[in-house]
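Each chain gets a letter, A, B and C, in the order it is written, and its residues are counted from 1.
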Amino acid sequence: MEVEQIMSIHIQDIEKRFGGFIALRGVDLEIKKGELLALLGPSGSGKTTLLRIIAGLEAPDAGVLSLDGEDAGVKKARERGIGFVFQHYALFRHKTVLQNVAFGLEVLPWRRRPGRNEIRRRALDILKLVQLDWTADRLPSQLSGGQRQRVALARALVLEPKYLLLDEPFGALDAKVRKELRRWLRRLHEQVGVTSIFVTHDQEEALELADRVVILNEGRIEQVGTPDEVYSHPANPFVTQFLGSVNLFHGRIRDGVAQVGTWEVDAPEHAGASGAVFAFVRPHEIELRRRFIGKAAVLAQVRQVRSFGSAVKLDLTREEGDGWLEVELSHEEFQNLRPQVGEWLLARPRRFRIFPQPSEAARWTA
Amino acid sequence: MGAAIGLLAKTKEVPRTRATTESWLVRLALIALALTFLFFFLLIPLVEVFQKAFEKGLGAYWQAIQDPETRSAIRLTLITAGIAVPLNLFFGLVSAWAIAKFEFRGKNLLITLIDLPFSVSPVISGMIYVLLFGTQGLLGPFLVEHDIKIIFTPVAIVLATIFVTFPFVSRELIPLMQAQGREEEEAAMTMGAGGLRTFFKITLPNIKWGLLYGVILCNARAMGEFGAVSVVSGHIRGLTNTMPLQIEILYNEYQFVPAFAVASLLALLALFTLAAKGIVEWRSNKS
Amino acid sequence: MAPFFRRRHRVLPGFGLTLGFTVFYLSVIVLIPLSTLFIKTASLSWGEFWNVIGSARVLAAFKLSFLASLVAASINTVFGLLVAWVLVRYNFPFKRIIDGLVDLPFALPTAVAGIALTSLYSGNGWLGSFFESYGIKTAYSPLGIVIALTFIGLPFVVRTVQPILADLPAENEEAAACLGAGRLKTFWKVLLPELKPALWTGFALAFARALGEYGSVVFISGNMPMKTEITPLLIMTKLDQFDYAGATAIAVLMLVVSFLILLFINLINWRTHRILAPR
């Protein structure tokens, strides 16, 4: 019973195909009340389809969707109590900002519809919440992209929805506005507390903004977890590679110990596996030295040094095998080492993420 | 006035999802209502033409078309279209070149003036020639003095037809050529091609479907024009009657089978025009 | 002041020649003949002009033309929207052919349409006899004129609304659905405002065409003065009686009305453009 209380949306085995294209192949997901959830994935991963199915804009071919413990399969979009924000805003361009926001109230059945003044007051209140009450009498075409997106959000919030769904909410905006709106949405979510799901293909956006992140790929969920969980403990090679840069090493595993080059890495979680493995190392998890005493390392030559922001990025070529090595140093580490382009250095990963290589290996390394 | 809307709506299918379509009952009702309307206002009149034409059998139909006056009306219609369409085709090409490929002041005014015949009632279109060339007209005294007759002769019919079909070709070509810009032509010129060569090798292939479309519409109107021609023709049998005028005379004399027989020829032309139009649109969408 | 045609280097040839021919041909075919109308009008005094326009028969013809055109254009606006909607949104057999057939009134010579409709709706035609059995006279009555004008104006609204309807983003309707609007409310509050400019344009085009229409109406109207005589026919009658002054007065008034309608259409386009321009 208690589970029902915190579970707001329950998705079970949802499938959807469009003609020959399979958008979702059996998706299970539970969404908690009041959380801010990101659906993250590359294009074609099915994230938007999943969002549209929750909204009732699309009907699943199979599976169960329940909202607050009720089967939503029979409910139409307008009966679900959702607010939907479209990527391209979908504002009614012949209506003023205020009329756009008031729309949801205007179309209520007359018994539940508030009076004219009440509609106006509530619409203005929501506009104040998104800090756009001063644009009330303008047309959408007179607003900037970021302002339009906030109007779209206000319009979705006016009916006090139980769920707020946002489809690539910042996708059509430029980088600076996007950052501002992101922070602003986070604050708004804390203020309003409505269960919110947003779709994005930008991993930074998902990790910065969401309470939990759902990573989708080719119609399947690859992993669900907090930003820290999915970033630090990716469940598989796809997630590892999708969330930020990563260096790839090849190795073999036997009896829970992986042999990667000259390193031996304990991987008790793969005790039963044997054969080829991938070993992933993030750029900031590599140590660079001129010499290591008593520790195995690989030799690599510095090709390029890029210094901007909080870290210094180095591109190196490995001596053995082919391929690049991407290393991230703090400015302090960089000052201590002062590596020169063309110089040979020793590199040593601090930690590996080991994944047994699936037979369709090419898929991940491509 | 059909071409006033330009190249026909390129209908694109919008994928409809559950939330944005109607229940099948509503859909069915709307389709039924729309088709009923079209059935009564389009199909039935069309069927009526052919049904009446063949009411007395194929022999009567054939006889009606063989009638000498009818044959001369058909001949005059073909001659009229044969003069009006090429002239307006040439004008369409020339004006579209000037308007689409160059910038000059008064361009919008020129386009508006070219469109003018579309917004003039056919009767007025004929009437202005009467005011110009009629015995009491502006040039009347001069024409009488030199014993030149224009009104109530085939010349007036051709003139009135040119007037009413005047904008068809340029109307289609101007937006088309404007959209295509002049880069291709300029590229050809810099490679040493001459003006005419550039036109025939570069411009013409780009606009061929629009051109054909305009010519088809122009021809249909040229052969079918009634009001304007009626004013200037004088209805002299065997001499200044075009097919539509012949239909009027036959119908008013209660010769229904011959009237509808001639009408059926024009209706066939209309069907051919629609079919050709469909094919041209389909081809130009494809390329 | 800058010269009318600024001399400048042009890469493409033939500007002077093609523009010269365009203006020449336009003048000979359109401008000079049309100007006779205004020269003739100028020779009329106001008194003569009002004598013609103010006569009972002319007023009756104008009233009939206006009302019949208004009714026909209104019918076409409602059904044109319906036909456009069905053609864009739904699938059904022979849709392509039916879509093509919508242009029939543009392609079918007006005289052919005229006799076909008259034959159908006259007392012994199969639709006319049907209506007559209920005591409704269709042909040779104002109703017949409305029927003919509806026929010739049919494609205008369909063809102006169709592309707009097809280009409307589905997102707008989805947004309305999410906000609780049913299909009917979505249509009234979201779709109709978007379609309004196209509907008005189509209506105005159909109305203008109907006002000037002659061929398809003369057969079905019966042409009784004061009852079923339309304005273009009155011009025709005056010309037959060599009353050029009378014909000119009526024609000029009709031209002014057409001009106002054109202005109206441009105003709609300008306004729509202004609302949507800085997108």
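Here are a few things to note about the model shown:
As a convention for this text, contacts are C-beta pairs under 8 Å (C-beta built on N, C-alpha and C of every residue); 3 or more make two chains touch, one makes a residue touch a chain.
These numbers were taken from a predicted model, which means no experiment stands behind them.
Looking at B-C alongside A-C, one finds more C-beta pairs in contact between the chains of B-C.
Of all chains, the one whose CA centroid is most distant from that of chain A is B. Of all chains shown, the one whose average CA position lies nearest the global CA mean is C. Taking the mean of the C-alpha atoms as each chain's centre, chain A and chain B sit 59 Å apart.
Computed from the mean C-alpha positions, the centre of chain B lies at a distance of 16 Å from the centre of chain C. Each chain gets one centre point, the mean of its Cα atoms, and the points for chain A and chain C are 55 Å apart. Counting partner chains per residue, chain B has residues 17, 19-20 touching two or more of them. In chain C, the residues that reach two or more other chains under the touch definition are 174, 177-178. In chain A, the positions touching at least two other chains are 55-57, 76-78.
The residues of chain C lying in touch with chain B in their complex are 4-5, 10-15, 18-19, 21-23, 25-26, 29-34, 36-37, 39-40, 79, 82-83, 85-90, 92, 96, 98-120, 125, 127, 150-151, 154-156, 159-160, 162-163, 166-168, 170, 173-174, 177-178, 183, 186, 205, 208-209, 211-215, 218-219, 232-233, 235-236, 239, 242, 244, 247-248, 251, 254-255, 258-259, 261-262. Interface of chain C with chain A (complex): residues 169, 171-172, 174-182, 185, 189-190, 193-194, 196, 275-279. On the side of chain A, the complex with chain C involves touching residues 55-57, 76-78, 82-84, 86, 88, 90, 92-95, 103-104, 106-108, 139, 141-142, 155-156, 158-159.
Remark: chain B residues 1-2, 4-5, 8-12, 14-17, 19-22, 26-27, 30-31, 33-35, 37-38, 40-46, 48-49, 52, 91, 94-95, 97-99, 101-102, 104-106, 110, 113-114, 116-117, 119-124, 127-132, 134, 136-138, 159, 162-163, 166, 182, 185-186, 189-190, 194-195, 198, 217, 220, 223-227, 230-231, 243-245, 247-248, 251, 256, 259-260, 263, 266-267, 269-271, 273-275, 277-278 touch chain C in the complex.
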